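The data blocks that follow each hold one structure.
The following pair of complexes shares a single chain, chain A, combined with chain B in the former and chain C in the latter.
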Partner chain A sequence: MNSILPALLFLVPFVAALLCVFVGRLSRGLVWWWTILTMAITAGLAVLGGIAVHSEGPIRVHMGGWAPPLGIEWALDFWGVLGVCMVAVVSLFTLAGTRESVRLELPGREISFYTCALLLVSGLMGMVLTADLFNLFVHMEITALSAYALVAAGGRGSARVAFNYLIMGSVGATLYLLGVGFLYSATGSLNMVDVGLRLAAGDQTLVMFGLSLIAVGLGVKMGLFPLHGWMPGAYSRTSTSSAALMTPIVTKVAAFVLIRILIHVFGLNVLPGVGTMLVILCWAGAAAMIFGGLLALVQSDFRRLLVYSSISQVGLVAIGVGLGNFDGVAGGLLHLVNDALMKGVLFLAAGLALVRFGVARVDDLGRLRGRAPWTAAAIAIAGLSLVGVPPLCGFFGKWYVLAGALDGRRWGLASAIVAGSVITAIYVFRFLEQLFFRAPSSQEERFEGPGLLVVACLALALGVIFFGLGSGHMVEWFIAPQLGLE
Partner chain B sequence: MSAYLTSHGPYLSFVVLVALGAYMLLTHHNLLRALVGLYLIQSGGIVFFILLAFRTGGTVPILDEHIEMIPVNPLPHALMLTAIVVGVATLGVGLALLHRIQEESGHLEDDRLEGNSE
Partner chain C sequence: MIEMTHNFYVLAAVFVPFAASLLILLSPKRWAEVWSWVAAILTLICVAMLPGTVLGGGAQPGWHLLSLVPGLALELRVDALGLTFGCLAAGLWVITTLYSGGYARADHMQNRPRYFASFAAAIGTAMGVAFSGNLLTFLLFYELLTVVTWPLVAHKETPEAIAGGRRYLVYTLLGGLALTVAVVWTWVLTGQLDFQPGGFLQGQPVVTSMVLFGLFMFGGGVKAAIMPAHAWLPAAMVAPTPVSALLHAVAVVKAGVFCCLRVLGFVFGPESLSHFSGTNIVLVFCATTIVAGSILALRQDHLKSRLAYSTVVHLSYIVLGAALMTPLATTGAILHMVNHGLTKITLFFCAGAIYGTTHLDRISQMRGLGRRMPWTFGMFAVASLSLTGIPGLCGFVSKLYLARGAIEAEAYVYLAVMIGASVLTAAYLLPVVWTGFFGKPEPGGEADKKGEASLAMVLPLIITAFLTLVFGMFPGAIGSQLALAREVAQQVFGGMP
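On to the complex of A and B.
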């Protein structure tokens, strides 16, 4: 079974999405159970894959029996394990938590919501697993089309932001596709490893132009400053259920893919122009950290604050990759998973605040005080992790990237990381203060719940703690081997 | 000049399509125009790939050992079949969204100037 595991990781959610409509016909209440069952199987497969890869090395599948470079190859490699586990586990819990909120926010539309959600997950799996540049484009679009539909699943105004997202996302995808075209014309191959081998023989101008187009296209998808324009609207206007599912993982997987292409295909500092490209990436990341953080600081809407925080954290990932040394790249990969866990907690909590207590503004978070103790605890754990308090996972990502910056003697970037972290601390304490130290503004009789949402929130918060404690092993088991190989 | 045009001329059609699309995206006042602009850019990408496949004197890539011929590269064609499907799907989702925007607000004018876009 191990040999077809990469294909199964995609097929399970994909086939389940197609069957979801029929399950919904039987009984609408069954759809959620169907989704959770599927996601539990997918997460189980992802963990099994992780164990197999750890003991036996990467698993490669050749579609239709055609060997690469001619055929399409899918590979569950060391980094891939991090990627698929992140997607499967985080979306399992966020989807588990959406049962009540979907019922309240999208009455009668449960079937469409969960169908799109499963399609989204399968597309993300494909993006992580494929080793073929064009196949990646197809999965990016499967993901994106489901994402547009999920963003549009909200109240008034959500269609408008979804349309904006569609335009920007599709332009990004087309730029990526053109980049692949340039690379193809320079190397005659689409397999990532094979393209990497043939780069040196190709026309360098074409290669660099293709690389730039790919980086800009993926930059749009990952919400890298200044290409983040679609993000705040799309993720704060949509339903809280869609936001909780998408914000943690969609931009992270795009960033993951960018890391894989830059480091696997191009290698670091192999081509003359790549160095410049990495410097630009670093400074875009630094700008994202600082401006994203500053914009988060001035938001009054809790979800918008969290979206800007995501933009800022993706900036840290970009700095890590741009540094291009071991610590930087390891920190970048680690921080992707960290931020997926932290944003999973925070967006579920924000959804609970809005759906259960009607609280959308940061200044009203005091109304949860004393009424939602478990949610408040989860928010506190995720918030402290975002600041970078040591045993929690957020610390390790930042630490590695900072170590990478110091190691490379990039003082400017190091100070940008420190400044970004200070800004992060300020906006996190802004909402923690409201949650814990302000007097509740009204005497309501509502209490915490729905239970599932709280449990999902706490489970991800535990993930924040355990992933932090296991960071060293993650780097040793799943990040280092692949950096050694290139 | 004419030698340049015959070798690079077809690529100009790609440049023109993308430039037109980008112009429409940047200057539109109506959301439907934005969608048309996007579609032009996507078509530009498709034309680009098709041009990559071309060889001088090339013909349909169906191999027959009795006939001596130079086939054009079939791979970009296969890729573009997929890309066209993706493009049409995007267009469909875009039109569905426009339909809902029209129902909600009664018009398709871009309301960015009113500060509502976010």
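On to the complex of A and C.
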């Protein structure tokens, strides 16, 4: 069973997506149950995989029995556990929570929504699991195509932003593919480990060109400043259900892949030129943190604010990876998962605010006051985690990245992290203040709901707390073993 | 010899208030006060069990909770310094709970569950600050303290209260961020964060030490309201009076002072501080704050603002003592942390009793009010005299130690500052008493009406005023606070003061 886990993690949601149409034919009401069942199984498998990897080490699968470097290899390694658990658990809760909002926002289109959602999840799983550069491209496309459809399914204006997303996303994917082509011509291989071994012998110009193209391509996909142009529109104009599903995980997985390629293929600092790339990555991350934060500060739309916040947090991840030392990379990986959890909570809550209360603007959030106390509590937890209040998980991401910057004596980057934290605190407390103090204390009835949405929101908020408290173990069990390269 | 039960008391002292906070939010409104009472008394009992163990034997009961960062745990550990702060917070919580109930009824307070829940959580974080065994745990509770006290500052939800809350957040979060950077940096440099008497940050280059020291002291100094980072404290006085009393005279600001004490004695230590002039800079800042704050206090007509500036002055007094880095001055600083807490809470209780009963908050309006509220103004007089440093009251004991410490350090300028500040303390506090008892009341004003504040408000302030007397007469009496303070000095400097 363990030996085929990596394949199952992809196949379960993929096959379920294909069968979704038939299930929908039987009864439209059944689709949600089908999706949740699938996601629950996937999440269960991901957790099982985590236990197996923790006790026995990485699980490798050779597709069709062809050994690498010829065949395609899939691997559930230590970092992979973090990746698949993040994707499976967060999307389980966001899909469970958005049941009512899908019904309200996309009436009659439930079947297509859940099919696309499951396809998206399977694509993301594949991106995390594959150890083959070209296979990665295939999964990136599966993800992207379902993502375009999910964005386009929103309300007014979503078709335009989806088209924008499609153009930018395709450019990103193409650049990535081109980069892989360069690497292939330099090394003659596509397997990540194998490419890594052959790099030194290959033509360095080709290798560096390939690396740059891959980095820019994935930079577009992960919304790294200044390549983030598609993100605010796509994620704030689409339906709240699509936004809640996609924003937390899609860009995070792209960032995850970038980290994996930089470290597993290029092995940090081994080749001259990678260092320059890392410096650029650092400063792009610093710019993302600061400008993303500043842009979040001036938004009046709550979801747009959250999207810019996501851009800013991905900046922190980029800084961590660009630092290239143990603490930096560990912090980057940790913060990916952190932000997925936090944004899961916040986008679910933003969806609830819009669907239930008609509140889209930050300044109107006070209307939830006293009427949705549980949701408000979840928002507060996720918000404080964003600010970096210990022991919530956001704090530890910052802790490691900051430690990495100070350890490497990169004072400029450390200052950028501090500045970014200040900006984050300002925009978070801006909406927390609205939520808890601003509105006239209305005596209106409690009006919380739909129940599932609130429960999902709270579950992810608990995740924010527990992942923070358990982050020491996460680093010890799943991040450090694979950072032995240092 | 540490017994298991003592470790359990430590854990309970920190987590009972948090549990109470959750229970208050989840139960019906009328339970809020009940839970506060239960938790306050339980916490006090737990803390009261500890001095016997900590004193003398050098045993440090504690609890190793979980690993937050590989090699770095969420760790509670009680030593003499932490226990002093813990006793202060837990002891005054019980009295404040009594007072809060009375004030809430007199003031017709809204949103009581949020108020009592935040209050309990704030005490929990203060206990956590007191009992943390390493810098990461300290940072964790220190930051949480900021967050849970924000709803208390902005409690009234008027534009003024929200602005006060904002200013409070800006200052304390910046301080917290500085502290975070300092802690991370210390971790990177030394690979350990456990508090050690005499410090563990030795042998760093002077520039690094200076910057780190600056970050640490900024982190502590913001909450300790050392100028120029003091502006949040007068602004935060828009909060309900019990909040000002407990949190802005005791828990929050004392957490800042406590941070400075920890950093000076247990992170850097006398040995490594003697290699660079960090403490001199702190001394200058503190002395400036004492002088400027006293002058500002003289000019306030709003009673709570005047008390707030008085707090600013006396906090710097404590940090000044700690930064002199002699055994006697450190003992005095720790004593003053407790004694100022007792005294200042009495003064705030009086201010709240006056406001709750008559809705007057300006000193100029209080002419003759002392005849209507003799207990309140009488206790105000006792506390004022204590803070001035009249022998027989507790303020004298700590000021005596501080003065002896200044002589020991041969810092006569700072001795002069301390004495001058005492005179100024009398100059800004005693006129309030004078106005109350001997001012000519306006005819038909509040002073002509009858009725002292309600018993729930008068009783706490009588208790705390009585305690200032007890600690003034017998400094070693309750909780052996003098012995605890001396033990800290002995730990840090090695040798009896």
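We take it that the second predicted complex is superposed on the first by the 477 of 486 C-alpha atoms of A that agree within 3 Å, B and C clash if a C-alpha of one lies under 4 Å from a C-alpha of the other, contacts with A are read in each partner's own complex, and residues count from 1 in each chain.
In this text, a residue touches a chain if its C-beta (ideal position, glycine included) is under 8 Å from a C-beta of that chain, and two chains touch if they have at least 3 such contacts.
Here the structure is a predicted model, which is why all the values come from computation and not from measurement.
Chemist: After the match on chain A, would you call chain B and chain C a fit or a clash?
Modeler: fit
Chemist: Name the contact category of A:S185: first (chain B only), second (chain C only), both, or neither.
Modeler: A:S185 contacts chain B only, not chain C.
Chemist: State whether A:L469 touches chain B only (first), chain C only (second), both chains, or neither.
Modeler: The second partner, chain C, only.
Chemist: Quick check on the superposed pair: does A:H54 touch chain B, chain C, both, or neither? Answer first, second, both or neither.
Modeler: neither
Chemist: Between chain B (first) and chain C (second), which, if any, makes contact with A:V422: first, second, both or neither?
Modeler: second
Chemist: Of the partners chain B and chain C, which touch A:S170 in the superposed model: first, second, both, neither?
Modeler: first
Chemist: For A:L384, select first, second, both or neither according to whether it touches chain B, chain C, the two together, or no partner.
Modeler: Once the two structures are laid over each other on A, A:L384 reaches chain C alone.
Chemist: Quick one: the Cα-centre angle at chain A between chain B and chain C, nearest 10 degrees, please.
Modeler: With chain A as the vertex, chain B and chain C sit 150 degrees apart.
Chemist: A:Y148 in the overlay: touching chain B, chain C, both, or neither? Say first, second, both or neither.
Modeler: It touches chain B, and chain C stays clear.
Chemist: Just to confirm the value: shortest Cα separation between chain B and chain C in the superposed three-chain model, in whole Å.
Modeler: 32
Chemist: Which of the residues in chain A end up touching chain B in this complex?
Modeler: 134, 137-138, 141, 145, 148-149, 152, 156-157, 159-164, 166-167, 170-171, 173-174, 177-178, 181, 184-185, 232-233, 236-237
Chemist: State the interface residues of chain C toward chain A in the complex, per the touch definition above.
Modeler: These residues of chain C touch chain A: 66-70, 72, 74, 110-111, 136, 139-140, 143-144, 147, 151, 154, 157, 162, 165-166, 169, 173-174, 177, 180-181, 184-185, 187-188.
Chemist: In the complex, go through chain B and note every residue touching chain A.
Modeler: Interface residues on the chain B side: 25, 31, 34-35, 38, 41-42, 44-45, 48-49, 52, 76, 79, 82-83, 86, 89-90, 93-94, 97-98, 100-101, 104-105, 111, 116-118.
Chemist: Can you list the residues on chain A that touch chain C in the complex?
Modeler: Against chain C, chain A makes touches at 327, 384, 387-391, 395-396, 398-400, 402-403, 406-407, 414, 418, 421-422, 425, 429, 433, 436-438, 441, 469-473, 475-476, 480.
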